[in-house]
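As written, the chain order gives the labels A, B and C, with residue 1 at the start of each chain.
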Amino acid sequence: MPSRFRASVPVTDDWAHFDFAIADGVATVTLNRPEKLNPLTFESYADLRDLLAELPHHTDVRVLVIRGEGKGFCGGGDVNEIIGELIKMEPRDLFLFTKVGLSGGDMGAAYLLPRVVGLGRATELLMLGGVIDAATADRYGLVSRLVGDDEIGGAVAELARTLADGPTLALAQTKALLTRELDMPLGAAMELDAMTQALLMTTKDHAEFHAAFNEKRPPRWQ
Amino acid sequence: MPSRFRASVPVTDDWAHFDFAIADGVATVTLNRPEKLNPLTFESYADLRDLLAELPHHTDVRVLVIRGEGKGFCGGGDVNEIIGELIKMEPRDLFLFTKVGLSGGDMGAAYLLPRVVGLGRATELLMLGGVIDAATADRYGLVSRLVGDDEIGGAVAELARTLADGPTLALAQTKALLTRELDMPLGAAMELDAMTQALLMTTKDHAEFHAAFNEKRPPRWQ
Amino acid sequence: MPSRFRASVPVTDDWAHFDFAIADGVATVTLNRPEKLNPLTFESYADLRDLLAELPHHTDVRVLVIRGEGKGFCGGGDVNEIIGELIKMEPRDLFLFTKVGLSGGDMGAAYLLPRVVGLGRATELLMLGGVIDAATADRYGLVSRLVGDDEIGGAVAELARTLADGPTLALAQTKALLTRELDMPLGAAMELDAMTQALLMTTKDHAEFHAAFNEKRPPRWQ
């Protein structure tokens, strides 16, 4: 169901370098080379880039789940599949760019990681490229929720359901504010918060909340 | 005891929408609608705005404590008291703006929260609006000190006493630097630190520290 | 072994205000006034400033370790050695500038600390100047690795060895990106990451990684 604002490039559900499915408002990308710990390649990067440009035009998609087939999520990647080779050697080594003579600060990592786990821990992870276990990642604030292997499918489905059933515009704006306000001074951030809130107050979703509240029923979000 | 720099608007201790008291340099605002978990309203916002503009002119106030009557601090608030209504339904639901179709990034939250708990946890809290218990808030760095219900009065009084008995200007400048330097590059921040320190070295408080040190007595801060 | 880009000021290994040694690519500064908990003075600041300007011209130095003689690392410092005096009184009091009527935000602390431990904990530490134990510092992300007193020498030597044996340019650039990207917006940071990575791909170290990989031997980094 492409949006009317889509230009001539057709929308496709046919992606060659990962599995892709849409069900009940939830799109799922599954990296599908588990024998190599699902590394990223030139081709899968290109497909991801185009999918992410296209997804806002799928009016039936409200949440994107990215997952990996098999026992790991994604072993990273490299333009020459070098990292893929390395991973065969030492499959649990994360953040290992410095181990091939390259920078640990790749694709925004040197920007994002300090803002997630603090500068000290980010420096250690990107400089030394050590392995951290799930409990440590949780302690650092690098994971949102820690669940066992047999619970993860259910936990992801539940989270995706919650987001897909929620007020899309409000959730999207919240995420956008969190990202943009990392790069804004406090005063400007508060202005942006206020403008966003004023705009959202004029939406059908906010009106629906009022209606649902008065009729004592759950809201039906758009 | 208003400052000589106060203009024509009179200083008042008579606030309609919260309790207000000053004792021994410590001003205390008590949100006083415990039956509704002390929600904020248009009126209490306006009173807080004016009080905070006025407090620097109270030369007898060195610390401000904001507390809530009853079992909770403050259930947030809403311009139409909608959130107040919601709170009756589900009193422990924090960060729930997205649940009414509005943005979780309200009043600076999308700016401040990532800088306090990291981007990952801030995103989870503002997007999903879940409840977190006190131990989790402490683990995230969202609280400064975790004390039991029966200890909180004493702990707050002790902290307020420490701050009120401390060197006011040095403490105020430290707080201002922490806030301003979130929005400054490292080089400029170090210049500001150095200028501030040089200025504080000329103050009566720093001279008093020297005098007290030589006379082997505790300093009497201004 | 000074670099050819060194100007007329001679390189020296003879520093008066700390011990200095170079061994196997690892330079070590040892603050050597343990009876005063190794405070910094005007003179040792000046020596550190000049050493840090000179070190990039030592082509045989790849890592700098800064350590303190005796039971503590460094009790801080003060232009008049006032803090040195204080330390005799209360040797474990950290972050105590506010206790002498000065700002807690000295020498970049108000910039750096919130970016390491979050704004809430940084405010508490710089305003109140309390003592925190090693486990708390570890929980806050203020230390990279917590080891016992009798293990620290070995742990430091091992970490210095790992860094000295690593690809120097890649490690240096990773550290530079982490620092610079604290002050850059996301888009610019990703550009800088990409440019840095492209540059490092042209280096001898990255070529050496390929060669070593094909010859199934460990790389010899420059």
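Here is the rule we go by: a residue touches a chain if its C-beta (ideal position, glycine included) is under 8 Å from a C-beta of that chain, and two chains touch if they have at least 3 such contacts.
Since we're looking at a predicted model, the values are computed, not measured.
Different-residue interface: chain B and chain C share under half of the residue numbers found at their contact. Put simply, chain A has to spin 120° for its C-alpha atoms to lie on chain C, with the angle rounded to a multiple of 5. Between the Cα centres of chain B and chain C there is a gap of 34 Å.
Each of the following residues of chain B touches two or more other chains: 112, 117-118, 182. Against chain A, the residues of chain B that register as touching in their complex are 82, 85, 97-112, 114, 117-124, 126-128, 140, 179, 182-183. If you check the complex, the residues on chain A that touch chain B are 112, 115-118, 141-145, 159, 162-163, 166-167, 169-171, 173-175, 177-178, 181-182, 184-186, 189-190, 193-194, 196-197, 200-201, 203, 205-206, 208-210, 213, 219, 221.
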